[in-house]
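Below, chain A partners chain B and then partners chain C, in two separate complexes.
Here is the complex of A and B:
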């Protein structure tokens, strides 16, 4: 078993979690010998189908579940230590909010759990509401929110303590493409200033967009892990992008490639991905004035999360 | 300062969330309204109108308070674990014991508010009840109609103003109604001091039977005990089994004195007698019959019993929650 390293935000060695019934009989082995190291300051993706052990692993990292075997260190400490949670932010799979509390009171409540003083709380709440586009709904009970709006408040509460490690379980679930982009931008901004982000998602494109490293779980075991580059690169093929050529120039280039390399190159136009196209359309539409009832697209990251 | 702030935040949130639940407001309103109506509809009381009003008020306080306490306590912790809000809170720098104790303290605050309202309603209801009154026309049995109508209007007024504030300012209906009803009852109590039973102006005197107060305090202590039991059970059980078990404990607690209290026949029955909460200690309204009183020294002893019981139950609950998967 390797020694824990200073540079790792999370170290998991031989983790096992067995759920038991009322009579203490084992019912499910949700995690079955996971070894994982998440470096500091990186965006780490935890992928896997339903029931693969992602959420169980996350709950163990947060000290909410007790491991049946194995060793877990989070930011160098046991996940059961209350003090280490001062440096962690967590967004669960469902936002799990107190439905009668308005958005502002919700954030104030979570900020008070970190014993933040009143001035800091007020500044961070204002910035967070602005960041997630819900400043106009600050006094509405979160029980009245749509799923996407609840997700945004959930994200704001996860970041209210300016954490060193952010654990986001399906952060883009229920969000529109603008919201997804915003969340991804926030993750990248956090990583750029040294925050570690642990992310689970079923949306593989999201993971590919933001993650530096990822691990794939299945049946409670790690089946693959590494950098996105390492895992996704097709080693025996390259692509070459060049500006539009005249038909004659293109014909000459292809002839040269066939003659010199003896291969048949494939030629097509690169296409914009749908997310970028959608965002272009919405950005243009957002320039025209309109009333908003849901979340607004601000494209901003809270100031307290931008300071390094 | 550091560990205290999350505790207060959690306590406040628990209390606010509990009184925002429609079921709590419904139980509270029912308790106050039925207590208010009782002296107006009493029949065949053999001249003991005051006793009937008092005992009905105290019984409603106990019964509906019990339902409110168990419902709030059972749903508060178990519901939070099930819904996932407990997981989010415990992912913050909040110890499990802090979370658990704050849950109980929040529920206790709600029980205290409920009991304050119920006690005020009982005091006023006892004042309203028909009794022999000396008037210019001679001695006659009179209901204090002026106070009666104000007492009946208090919950309705509280609900109406809360509804209006909810419509115009979007404030929470449940918590606002809860607090406004208590304020309205206090106002009725204070203004009723300015007139006598016939409705004529008189020198300020509240004219209520303060002997009711110790009985209300004892019932409040009982409600706190059952809240502690419910919160502790809900660390491992869902709300429905918690409610069922609390109901069973309540019934057993009423029968305990008769089953095991007279003469413990075995070490087991003696042990059972000492561990079950004995509700007979808390229900002593009979002592008020015929002008009797409940000594405050007795109230003090029962409060020590309740505090010890609550402490022991909360210790068990803390241990149970410390190792629970959330």
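Here is the complex of A and C:
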């Protein structure tokens, strides 16, 4: 269970990463002086185009790459310290799972690396498989999974240790809209119980949906950062939603606004976003039972991740 | 997170189980395992040998079992090269390295998984070999005399006692001093070390060759811890330079050194496969006794120069165990060697990609096994060049020789005695030898490689 604390989950100061060739000559400056603070219990989005330094930063946070300069603290410790890894979960951008291992054994392997006892492992694996909708495919080798299913099992392995910090690299890539929604719900559920979530994504709508704070990287530097509200609010403008009015009532209202406030209001009909519409259709369809070979839509977060 | 051994063991266990599974699935290993079974069971049926039961047993043990062990060694070396390198190349290691796993645990897990797999494959080979042997020996129609000979000479474990009166080193020193005094040796042409090595080799060859009329003497000390009433055999490896003369035409005597008495003359008669044997009488074969063996190559119409085996010309063999136990211990030593190869392969895979690791590790192993021949031929070449007034050795040779010698010295404990050759020779592979192999090869050598690899993995970026 994550420990409530006021200190930052991740602190990065003046981070620089220069890749070198065989002769130690610098080839690429992937990260160029990043300063970031990720507060605990928040969902933090790291955005940026390809090659902006997102994955490099994440790999440094995980101790997979070493910084060329700067200071990095993860949960108060060096990212290379073995102890801190007990409290971190990681979903990489590409599936690096062993293709021949069935889903259940995949989760069991990673759970054993955290030295979890057998009963805890079994309970968490069952709940995780249920959560990501792969309970029916528990004994199928991961190599046979579709990209979306591989993403789901990847997410399950990232959460198997009930981490305090979850790093998700493109968590919704390859997922159908239901899967995307599920993953976002899981992220929100995790954050609600104090887990810090750091995610990168190219799908800006996803980031906007779940992130409390975000940073935008370009060319290895932070170009903007703050809360989503701070960054996305259009200044000096508000929107007002009211029930449908008759044409006469609408005409009177607009005249009143022009006369009393001296403004020219814009009128349009709010529309449901496509994601919500799609989910409504699928939810209705899911009420009719049928066998399936892909992932199932359960909408449930694993019990061990719900306990606060 | 305080370090807990139980947690560490759990992580190593998980990684070992996965490494076992990954290796067992590798096509290379499956092919090698098929080859191993083919060699073990097919070769003895295909190779005719010399037609005797003893010859067939030698084919089974020397060739079938020996080739199986070789095939398994190569397969495990290459599989272990893939153990870490493929994980790095395919990114699997990223999901392991971000877990609370020490690099040493990761390495040890991989290694133990490979050790377990090689143990299983070796056990299958050993059981198969033993079953095939028993089936062949106890088929209806087997010649009972031949069966008796095989049981008495090959299918047992005999402790080897070698002569202790080796003065070759001192003789070589003296010969070199004489050469120097005559102005025939110059240190700047050939180093003292090399010269002594070559002279010692020459002296051994001279010692092994006995002209008619010449004599040779060996001193053999029976160990104090010899099991009571254990049969003791004198074994002589000898051959004749001339095809017409008998290698056994000389005169042999045996004398107890502690209680000097009349030398006991004996005859060597049952000569086969280049060897003759004599069962030493019980009154001579007592623990702590030192025996002197004298040989005179008596001149006569039937005699000619004879040659003794340079390393094992005359030796005492004390029967201390049966074949099954000896086979098991031999396979334990082979397993320890394979374990070292796995450690080496994993270490190479830690530094290089799979093809490079396989090439480097195979090359180093090959160089360790054959380096001695390179040095010898280089020495002979240096002799020739020196006699023609040319430079003794190139700079390349001067640099490569210490490397090869170092490799040879490091690898010596792993390759000095072949357990399979000892098994087929009826020589005891003792528990002491097996445990020494385990301690040295799996404990010290593999331990050093483990620490080195863990350090490299710790220093290496895995992203």
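Following the convention adopted for this analysis, the second predicted complex is superposed on the first by the 302 of 308 C-alpha atoms of A that agree within 3 Å, B and C clash if a C-alpha of one lies under 4 Å from a C-alpha of the other, contacts with A are read in each partner's own complex, and residues count from 1 in each chain.
The rule we apply is simple: contacts are C-beta pairs under 8 Å (C-beta built on N, C-alpha and C of every residue); 3 or more make two chains touch, one makes a residue touch a chain.
These figures come from a predicted structure and were not determined experimentally.
> Answer with clash or fit: chain B and chain C placed together on chain A by superposition.
Superposition result for chain B and chain C: clash.
> A:151 contacts which: chain B (first), chain C (second), both, neither?
neither
> Have a look at where A:181 lands relative to chain B and chain C in the superposition and call it first, second, both or neither.
neither
> Examine A:139 and indicate which partner it touches, taking first as chain B and second as chain C; both and neither are also allowed.
first
> Once the structures are superposed on A, label A:109 by its partner contacts, choosing first (chain B), second (chain C), both or neither.
In the superposition, A:109 touches chain B and chain C alike.
> Pick one for A:63: touches chain B only (first), chain C only (second), both, or neither.
A:63 sits against chain B and chain C alike.
> For A:124, decide between first (touching chain B), second (touching chain C), both and neither.
Touch status of A:124: no partner.
> Scan A:42 for contacts with chain B and chain C and give back first, second, both or neither.
neither
> Where does chain C run into chain B after the fit on chain A, at 127-135, 163-171, 199-207 or 217-225?
127-135
> Common interface residues of chain A with chain B and chain C?
Comparing the two interfaces on chain A, one with chain B and one with chain C, the shared residues are 59, 62-66, 82-83, 85-86, 88, 90, 92, 94, 96-98, 100-101, 109-110, 112-115, 157.
> Which of the residues in chain A end up touching chain B in this complex?
So the residues of chain A in touch with chain B come to 19, 59, 62-66, 82-83, 85-86, 88, 90, 92, 94, 96-98, 100-101, 109-110, 112-115, 139-141, 157, 161, 167.
> So in the complex, the part of chain C that touches chain A is made up of which residues?
1, 4, 6-7, 10-11, 13-15, 18, 21-22, 25, 90-92, 94-102, 461-463
> Considering only the defined contacts, which chain B positions touch chain A in the complex?
Residues of chain B touching chain A: 1-2, 5-6, 8-10, 13, 16-17, 20, 83-85, 87-95, 170, 172, 174, 323, 325-326.
> Once bound in the complex, which stretches of chain A touch chain C?
Listed in rising order, the residues are 56, 59, 62-66, 82-83, 85-86, 88, 90, 92, 94, 96-98, 100-101, 109-110, 112-115, 157.
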